[in-house]
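What follows is a structure written as structure tokens; I'll ask about it next.
Residue numbering begins at 1 within each chain, and the chains themselves are lettered A, B and C in the order written.
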Amino acid sequence: MNKLILGRYFPGDSWIHMLDPRSKLLACIYFIFVLFLANNWQTYVLLWIFTLFVMYLSGVSFKTYLLGVRPLIWLILFTVLLQILFTSGGTIYIDWGPITISEFGLTNGVFIFCRFVMIVFVSTVVTLTTKPIDLTDGINSLLRPLRALKVPVDELALMLSISLRFIPNLLDETQKVMDAQRARGTEFGEGSLLKQMKTLVPVLLPLFVSSLNRAEELANAMEVRGYQSGEKRSTFRKLTWQKRDTLCLLLMLVLTVGLAVFRADGSILH
Amino acid sequence: MAMEVNFENVSADYQLGPIRSPLVLHSVDVRIESGSYTAVIGYTGAGKSSLLKAMNGLLLPKEGQITVGDLVIKPDKNKHALKSIRKRVGMVFQFPESQLFAETVEKDICFGPMNFGVSKDEAKEIAKHVVEQVGLTQDILTKSPFSLSGGQKRRIAIAGILAMQPDILVLDEPGAGLDPNGRKEIMDLIASWHKDRGMTTVLVTHDMEDVVTYADRVIVMEKGQIVLHDYVEKVFANQQQLEKWHLDVPDARRFQLNFEKKTGIVLPKVCLTIEDLADAFIEVGLA
Amino acid sequence: MPTPIIEVNNLIFRYDQRLEKETLSDISFSIDKGEWVAIVGHNGSGKSTLAQMLVGLLVPQSGRITIAGRELNDDTKWELRRRIGMVFQNPDNQFIGTTVQDDVAFCLENLNMPYDEMKTRIDEALEMVEMSAFREHDPSRLSGGQKQRVAIAGVLALKPDVLVLDEALVMLDPRSRRELLASLQQLRSTQNITIISITHDMNEAASADRILMLREGHIERCGPPQDVFQGELEWEPPFAEKLRRTLLKRNRSVPNSYMTEEEMVHWLWK
């Protein structure tokens, strides 16, 4: 029952799967910024080629990516609509009081739609091809320098990895407690909002209690196994930066150059 | 009032996010007689817990139907009809003490009955009786459930179900995690409840001693199907089958099999208890 | 005369300082290297408290614990936790890593051990508990018995002198319990590790060389199984003893003393 959970990691051995999580994270974040260099249809086509290529490389079906966009589609369309209705410039098609639909607005709307969807696609590539624990390790590694500023990066990473490890347990327990209370006549999701919230108490309280208990037992186990916060620790899970990771970053550079070449002249900001 | 449970060609699966799981129950056909004490055994993942959950509508059948007394659970059963089934079928989950939540023991025990429309005063009366029936004293009613010991918590959780006055009692490993004495107390409690009220009792367990000591019938499950439904003695007679289903045997039987293998001497009958063993060894003149 | 691996002298402990009642009253005993000692007692007898003291999770008001010749106190406990390890009752609440090998690695990471040495120790430890094939499994795919094996491997990776099992088998089904007990017996003979098992289960206690019976903070009885399982017993005796007593009740000429299952089979066979 625990197969389909968090991060929706899809096991595989594509080129993207094999990348170090750090290069994927860096590339993804960079992509989100470099998107803003695009300001004409040529640059957007280039971006789309890049995005679709990366999605293809991941080996995961396009349908799955679409499923990832689905929950956000209303938010996206709403933002796009706002752009279309309230930005003006160029040929005006419709003019009804405050609402203006212009060439500029339409183009902008399309561009914004593309940006949103591409961001979702590219970040989904990262979560689909990287195990949650590898992502944590990647983030931990990238944030290492913050230790100089007394940020407890290693402790935070350990907290994160332990939380990840217990998510399936928490989901199971939630299901179990809900079933148990159903067996005692509780009906979830029925009645007024207040009534619905009341039905949550017999679920949340036991979960809270069991989590506290678990935390105490874990803390004891960790202490007995020699864990001391603040002490130097080695890591068993290793991240190895390979040639393909450097290649990945180079690709980002190529993309940037391409965008700079094809973009329309004019201000950098749109 | 005892009650019979009938499964007719029931298949079921779970909804996991956007997809459905593989079938957890596969064309299950079984009739659990009114007033019987049935143990459900099987390797992990065989579908035992799913069988229990199907009995009170927590797991709806995809095909087929389940009859509890005169109530029927079908694939399209509506929520409100399920509620009346849940009053009839009292279900005690594994580690039931982890479901306690109320400020006082009394409130927790009253939770179930009150959900089914029992008045507060009447529920309190029931709570007083039920607390004694699980072997505790009434002064525990005012305490917080979280201040109790593990064994006491478990009894309170079971009391909360008994307070609903079900016609059928369904339990998932009620003795799990308890020390031998605690386990015996809980199992004896269930047995006396069963005997005093003739209550149909269905129990999932991995402990074959409990099966032999308390149950009269056994359901063996494997991969979502029922592969055997018979009296206790018959079930433990065929060792090859038991091994095929990865099942454990009671200690006495294990001792017998070990003895027979080591010595080549075959005992006259299948021994499920120490008394059986003693009889058998005396009969063949070895003791 | 070799020095015992563990010496406990005049241990006194009160959970609540205000109360007269002592959880542990002047407990003294010693354990030799390679011994298997079972500590039994009712809830409230003080056995769990004693277990926690042996690994430094609780500090006695007075008395001394000496492990491998060194006194256990706040300064030495971190070092001594390499000599004595503990497996707790709940298989989930001591499983920290996201996979089997990550969990075994946890103790070694705490010692800042270099990667190569960690790898070797993890492989050896998993081999000893027969879990090598499961090294990449995540805990949600393991049974209770398997998780406890991983916990034991985690302790063994430290190459300790003593392994403490704090009711470590109570949440397992009878078959898993027997299998784990058999594995532990084998481990003991191949690794010469000292085992202290806190338990309620007389079948588990019967595996021990010596049984320490605690009652209300005192040691009531101490001796090998054949001495301890004589006469009136508060608990269910181990299986073979039950059989012997049954035959005795029927006036059969069984030996007057405790026998193990093996001995029982032999006697019946004559």
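The rule is short, and it goes like this: a residue touches a chain if its C-beta (ideal position, glycine included) is under 8 Å from a C-beta of that chain, and two chains touch if they have at least 3 such contacts.
Keep in mind it's a predicted model, so treat the numbers as computed, not measured.
Enquirer: Let me spell it out: compute each chain's centre from its C-alpha atoms, then which one is farthest from chain C's centre?
Expert: A
Enquirer: Applying the document's contact definition, name the chain pair with more C-beta pairs in contact, A-B or A-C.
Expert: Pair with the higher count of C-beta contacts: A-C.
Enquirer: How big is the gap, in whole Å, between where the Cα atoms of chain B centre and where those of chain C centre?
Expert: 31
Enquirer: Could you work out how far the Cα centre of chain A sits from that of chain C, in whole Å?
Expert: Comparing mean C-alpha positions, chain C is 45 Å from chain A.
Enquirer: In the complex formed with chain C, which residues of chain A make contact?
Expert: 2, 133, 161-162, 164-165, 168-169, 213-214, 217-218, 220-228, 231-238
Enquirer: Residue numbers of chain A touching chain B in their complex, please.
Expert: Residues of chain A touching chain B: 1, 3-4, 67, 173, 176-177, 179-187, 190, 201-202, 205-206, 209-210.
Enquirer: Considering only the defined contacts, which chain C positions touch chain B in the complex?
Expert: 43, 143, 170-171, 173-175, 200-202, 235-236, 239, 242-243, 246-247, 250, 252, 254, 261, 264-265, 268-270
Enquirer: Looking at the complex, which residues from chain B come into contact with chain C?
Expert: Touch list, chain B to chain C: 44, 149, 151, 176-181, 206-209, 248, 251, 255, 258-259, 262-263, 265, 274-275, 277-278, 281-282, 286-287.
Enquirer: Under the stated contact criterion, what part of chain C meets chain A in this complex?
Expert: 52, 55-57, 78, 81-82, 85-86, 88, 90, 92-98, 101-102, 105-115, 118-119, 122, 138-141, 154-155, 158
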